[in-house]
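Two complexes follow with subunit A in common, the first pairing it with subunit B and the second with subunit C.
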Partner chain A sequence: MNLNRFREISRYPSAIVGLVIILILVGISIYTVIALPYSETVVKWRGGDRIWQDNPRTVPPAWVNYFRSEKLPESIILSSSDEGVEKERTPLNDELTDIVITFEFDYTADEFPQEIILSFTSTYEQKSPYISLTWKTPDGREINVGDFSIDRTASRRLSQDDKLTKKLDGQTAEIGLFADPNSEELKPLKGTYQLEVAGLTFEPESDFDVKMVIYGKVYGLAGTDHLRRDLLLGLMWGTPVALAFGLIAAVATSVLTMIIAATGSWFGGWVDGLIQRITEINLMLPVLPILIMVGVFYSRSLWLILGVIILLSIFGASIKSYRAIFMQERESGYIQAAQSYGAGNFRIVFLYLIPRIIPILIPSLVVLIPSFVFLEASLAVLGLGDPLLPTWGKIIDDARTNGALLRGLYYWVLEPSVLLMLTGFSFAMLGFALDRIFNPRLRGM
Partner chain B sequence: MSTDLQTPAPAATQSQNDDILLSVKDLHVWFELKKWGFSHVGWVRAVDNVNFDLKRSEAIAIVGESGCGKSSLMKTLLLLNRPREGQVIFEGKDISRLKGKELKWYRSQVGYVQQDPYGALPPFMPVHRILDEPLVINGVKDKRERQRRIRTALEEVALTPVEDVLNKYPHMLSGGQQQRVVIARAMILEPKLLVADEPVSMLDASVRVEILRLLRKLQEEHNLSVMYITHDLSTVRFFSERIFVMYAGKLVEQTHIEGLLDNPLHPYTVALLTGTSEPDAANARKLKEVPPGEPPSLVNPPAGCRFHPRCAHAIAGVCDVDEPPDFEPVPGHVVKCWLYKEGRTSYPEA
Partner chain C sequence: MTTPPQDTVGRKARIDTLKRIGKYTVIRFFMLFFAVTVGIYLTILIANMGGYVDEIRRAEIRENIAISISMNPEYKKLSTEERKQLQKKLVVLEEERLGLNKPFIIRSFTYLKDALMLRLGRAMNMTSDSGSRQVKLILLERLPATLLLFGTSFLINFFISLFLALILSRRYGSFWDRFVVGLAPTSAAPGWFYGIFLIVIFAAWLQILPYGGMVDAPPPEEPLQYALSVAKHMILPLIALAISTIFLSIYSWRTFFLIYSSENYVEMAKAKGLPDRAIERRYILRPTLPTIVTNFALAIIAIWFGAIIFETVFNWPGIGRVYFQAIGLFDIPVIVGATVIYAYLLAITVFLLDIVYAIVDPRVKI
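On to the complex of A and B.
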């Protein structure tokens, strides 16, 4: 093999673009695998609301604000156990203690937040602390949000508090608490808000902490899904999975197909006949239904599906075209010369026959990679995605089952789709250029 | 094959025939014709009952038209085909019974120069690798030793400076250079026999003479035996001492080169010689007589002499019934033709 041929890539700008995208994808994959370990990711992705409870539900990525005139709010998370949050303890007597927690934050977005949730943790023996919540708006209004005693752990969804809604003239908390009373339109008042949590504990050792989450309408680099999961994690893990899947499937099928075709055409006779018959039968087998059956009845593990795909693709149509080339080559002079100086069957197949079709193999292998990536995505969309690993296809599947497009959550479908398309595009660009480099006769066509 | 032929010749016979390198006895190379891939239909008798001896450092030429079986004969000698019957004995050993080390040894003793030099060289290997392959396969383990032998081989075929050629791929070389690489590869294992299958027929006329001279030189320097296979009588004279004429799988005439050119005996040989063009302007207007008809089918060869349907001298009732045996009308000149039964010593004038 002449390595100089690879240097010719620099003459094809499209190939360079493709190569750069591939390198970026590979870089992301390496980073992902190192920075976000597999075991952690699997746990996180399955984790449910516990792990992701501070994330807003199905919101687009934060950078959409750059393209909007009306800015969407980001989440505001404040906790009394954090630094920078005021917590005053004033003991009143042996038993009673007055605790005042003040959350202060600026609100600058043009839209209302998604939801407000307060969660409490308290320590006490018998008597639970009693608290009173006061909401202070930038224009000086004070709204009593509620007075109640709190259990050891408790959370309160202000948006679902009917009493509060009544108090706010029928508006739910995330709107009523932020709305500008002087504006004709319903829009939030910008400025510094305060939530004062004034509490009374009835035991000397008793204490409580409060966490306030004002869920925004944008999140992170990739947004979130219906389970509040950060899509970035899924998209990033999807990259190494997709590349590994495509690469392993493409390399394994091409190389094995090539070896089988070479062996069959070299030995001829019943070996060749058997391979041809297996190929013909295999070509008639419906791949997708078989994969669906494997997924439904046996296992949906990505690597098992990969194995089945490889097994079904080995005896593919390319055996026929490779065989046509090999049948021609086996009669050629240099093969006969090799036999005459004593080259064995193994040597002839691997060192004389196979190198002849490597120029055809390399470009087709590169173009084959994305087709397997797409196949994996299609399987995931059909609900046969790996149960543990996040993949691009599974994200699309989640979006589909949750009606993302109907609900206008385009980011959810577009992000994995763009990554899939980029992958296909980059490998196709590189593959076409390699085809022209390795098979110069095609250049004029 | 009968059993007594398989047993190695006794030592006495061997010393007697010590100058014989290769002996072809009663060789039949038949290919089976099958219908539907299994049912037997017939045989293609590519080589039928061929006998000859090849002495050490002797060059013989086998001439015949395309499809006469000369390539099948050659491939049998190279063990690319298996004979159906008969033996090829090389230095006292029956080559079709060789196995393992002995087989490897035999393969290293026979060099092969092909017709189409470009096809004979793997296009994806540079020259040094092409020449390295036979050495690696035949167990030359020391890399420096292999490099030395590659250089020597290239120098011997006058591909100098060697450095210029070593890293080139076959397509970067001219036809003549390619054929030199092929010859270097055939010579690199220091064989005793060189089988050259029309080594110059694909080359430019200007290069032919050089390649033939090179083969001649190698033959003399290394005491090589050469089997030169061609359909072109004009190049035969260049270095062959003996010449065999082959027709439809049979050797119809065996003689020394002068004997053949001066006194061709077999009607087919006469036709071949008439067909050979001399560069003479007068020839442009002359229509040559060519034997009528086509070479016979090798599946169903004609009974008797295989040439009789095309032969002007065919004797009815003889030539089309009985196969002619070897006659030796002139000492050292063997011919398979009924014309020489009665002691005739030259071809009858028409």
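On to the complex of A and C.
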């Protein structure tokens, strides 16, 4: 009979929409957990600059260009160890070697890049290679960007090079090097650029490699945050975390609440009284402040918080409504029949009473899920998110603490928020429809 | 077999009602007070389980004594060793005086008594706007702001949803009815969440309403201007709270009214030809009021808890934001104190609604 009722879902379009979104979210979760292993994610997310150093800082996702007339640049990363990059070695004598590396790239965006950084690695015994950089613009100008010797690993932030800025009439490198000299307003010149890295090494075995990163103003599918992290990783991992958190909390609290209510109403007397009083006190406990204190004083682990949430919600308001139903059920004929053939208390509570309430339990369980998902997000927005895992709430928190809204970085707040909203709405839409299906009094309303 | 005169019956019934409500109120009062006590005691246990509260007190004592010794010219002549000895002795004396050497169980009850009487101690870092370090002053100073925002929101939401639910239950199946039913899932998200969206749209993008805060800076001198400025700052928070609660409450009350309007006595009243308004008031609203009040109480509890984050998102200078700042500064006395105040606020709201409940529900028994 119950299965037939589930088939009724197809009569509610909102339930189908909700179900489809939930299935998509579950699909993303499964893919994420398999494709991006937990341990790697934790290391990457906390990794800091070394892992993410080639990403631009706080830029929106690449697809914003579809909605803009002025296209934003994507990052250009070229390395002399890549294929397709010219690297000419001309030995001059026994010791001196001339190495010329030429990076060639097309620049088609309507805005300037964020920053330009060159990083060098070199091998030498005593005397370090000497480098000279030449920037060639599409209209044939050649600009000397700098001459210097390099250590074994070195990086040069051209955008912060004061000498270069002075040479470019006070414009920093990422603007000065790309600016169109014939244009009235400041805009980049489109075309093929070249950066020639000419180096002189002073030892036979000496060599060097260069990597050039021209940081764009868009990145990937989700953009980046203040630590250059790819938000996609956080958003994707946020999905299984949110679903698991919501589902575990909702199932655990509903099932435990139901068992407590059934036990209380079956045994009656002081057991029932005690459960009722605990429920009344529990309703009065300031749950969020207590959770915050646990987070501040002990641990911010997601799973500890989950445990405390379950503990604080099992004596919830729904005990009262379940109890009312159980009180009616315990008087019904089949329970008396069971008693007369000698069924034990345990058997009656778990096999006869509880199954009767499951149709009412399922909708409320589904509706409960988003409230726990949002509770986790609330804690994260208060800065009490899990220290290891990326979650949607933590991304919102990062965005808020870094002034994303004031700086116009809306994508940073909106992406996790939209995901949260989708999750919340999908479960709520499904739950409301289930409620109408399973709750006979609401039928047809 | 004499029937008592009409007015005596009326008076007796009224006295009975008063007695009933009075008894109920007193019992609820003690139950709620008991609940508050348990809640605060739990708070103290949680806060002190790692010895935090004790540690704060010890550190304060040590620092005070160290300062008083270094400031006292009489002790200037003592050697470092002697001074250390003296300091240790004074610390032990002071700890004994404050009862810190007693077992935790006894101390916890001292803390409980302090907390219940709102003796909340001194903040570690934070100060109130008037410069005081008293936790009580820091928190009570912010109470009016919180009450203003949430009180307004409660009242608006309660009456608007009651009114709309009645209208919709009459036009059941119409476009607006289906519209509200379709929007009911919006309550899955809390108010602060809609707040973020509203701030993006109205403050950041359209720039017609402020990002947050309670008044313009600097605050206007004139009282009327001041009130207008506060009202302007309240628009977005009120809308956010409304979106997150109003559709669900309209939906559930409308459903409730529909269930009750299919009762036989309503059909009977209709058959008698009573006007719609009378039917609504006497036969639908009256029996559903107790449930409405209960639902409202639960909704308020949920919103109180949301206040911490809600006020933070909107930069509203209420207790919630103090709480948030205290977390950031790790100011434990303020965190514990705010939890105590929240427990009281919650109890008071529930108590007031309990009285309303007793008035509207003639069946109330304890």
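We adopt the following convention: the second predicted complex is superposed on the first by the 441 of 445 C-alpha atoms of A that agree within 3 Å, B and C clash if a C-alpha of one lies under 4 Å from a C-alpha of the other, contacts with A are read in each partner's own complex, and residues count from 1 in each chain.
Convention: contacts are C-beta pairs under 8 Å (C-beta built on N, C-alpha and C of every residue); 3 or more make two chains touch, one makes a residue touch a chain.
The structure displayed is predicted, hence computed values, not measured ones.
A.B. asks: Looking at the overlay, does A:L92 come into contact with subunit B only (first), subunit C only (second), both, or neither?
C.D. replies: Neither subunit B nor subunit C is touched by A:L92.
A.B. asks: Touch check for A:P355: first (subunit B), second (subunit C), both, or neither?
C.D. replies: first
A.B. asks: Tell me which partner touches more residues of subunit A in the superposed arrangement, subunit B or subunit C.
C.D. replies: C
A.B. asks: Quick one: is A:Y298 in contact with subunit B, with subunit C, with both, or with neither? Answer first, second, both or neither.
C.D. replies: second
A.B. asks: May I ask you to decide whether A:A338 touches subunit B, subunit C, both, or neither, giving the answer as first, second, both or neither?
C.D. replies: A:A338 sits against subunit B, while subunit C stays out of touch.
A.B. asks: Would you sort A:L186 into first (subunit B), second (subunit C), both or neither based on which partner it touches?
C.D. replies: The answer is neither, since A:L186 touches no partner chain.
A.B. asks: Thinking of the overlay built on chain A, is A:I30 touched by subunit B (first), by subunit C (second), by both, or by neither?
C.D. replies: neither
A.B. asks: May I ask you to decide whether A:V413 touches subunit B, subunit C, both, or neither, giving the answer as first, second, both or neither?
C.D. replies: In the superposition, A:V413 contacts subunit C only.
A.B. asks: Where on subunit B does subunit A make contact in their complex?
C.D. replies: Per the stated touch rule, the residues are 37, 75, 78-80, 103-104, 107-108, 110, 112, 114-116, 119-125, 133-134, 137-138, 169, 182, 185, 189.
A.B. asks: Considering the complex alone, what residue numbers of subunit A touch subunit C?
C.D. replies: The touching residues are 14, 18, 280-281, 283-290, 292-294, 296-298, 317, 367, 370-371, 374, 377-378, 381-384, 396, 400, 405-406, 408, 410, 413-414, 417, 420-421, 424-425, 427-429, 432, 441-442, 445.
A.B. asks: Enumerate the contact residues on subunit C facing subunit A in the complex.
C.D. replies: 31-32, 34-36, 38-39, 42-43, 46-47, 49-50, 52, 172, 181-182, 184-190, 192-193, 196-197, 199-200, 203-204, 211, 255, 258-259, 298, 301, 304-306, 308-309, 312-313, 323-324, 327-328, 330, 332, 335-336, 338-339, 342-343, 346-347, 350
A.B. asks: Note which residues of subunit A are touching subunit B in the complex, please.
C.D. replies: So the residues of subunit A in touch with subunit B come to 1-2, 273, 332-334, 336-344, 347, 351-352, 355-356, 358.
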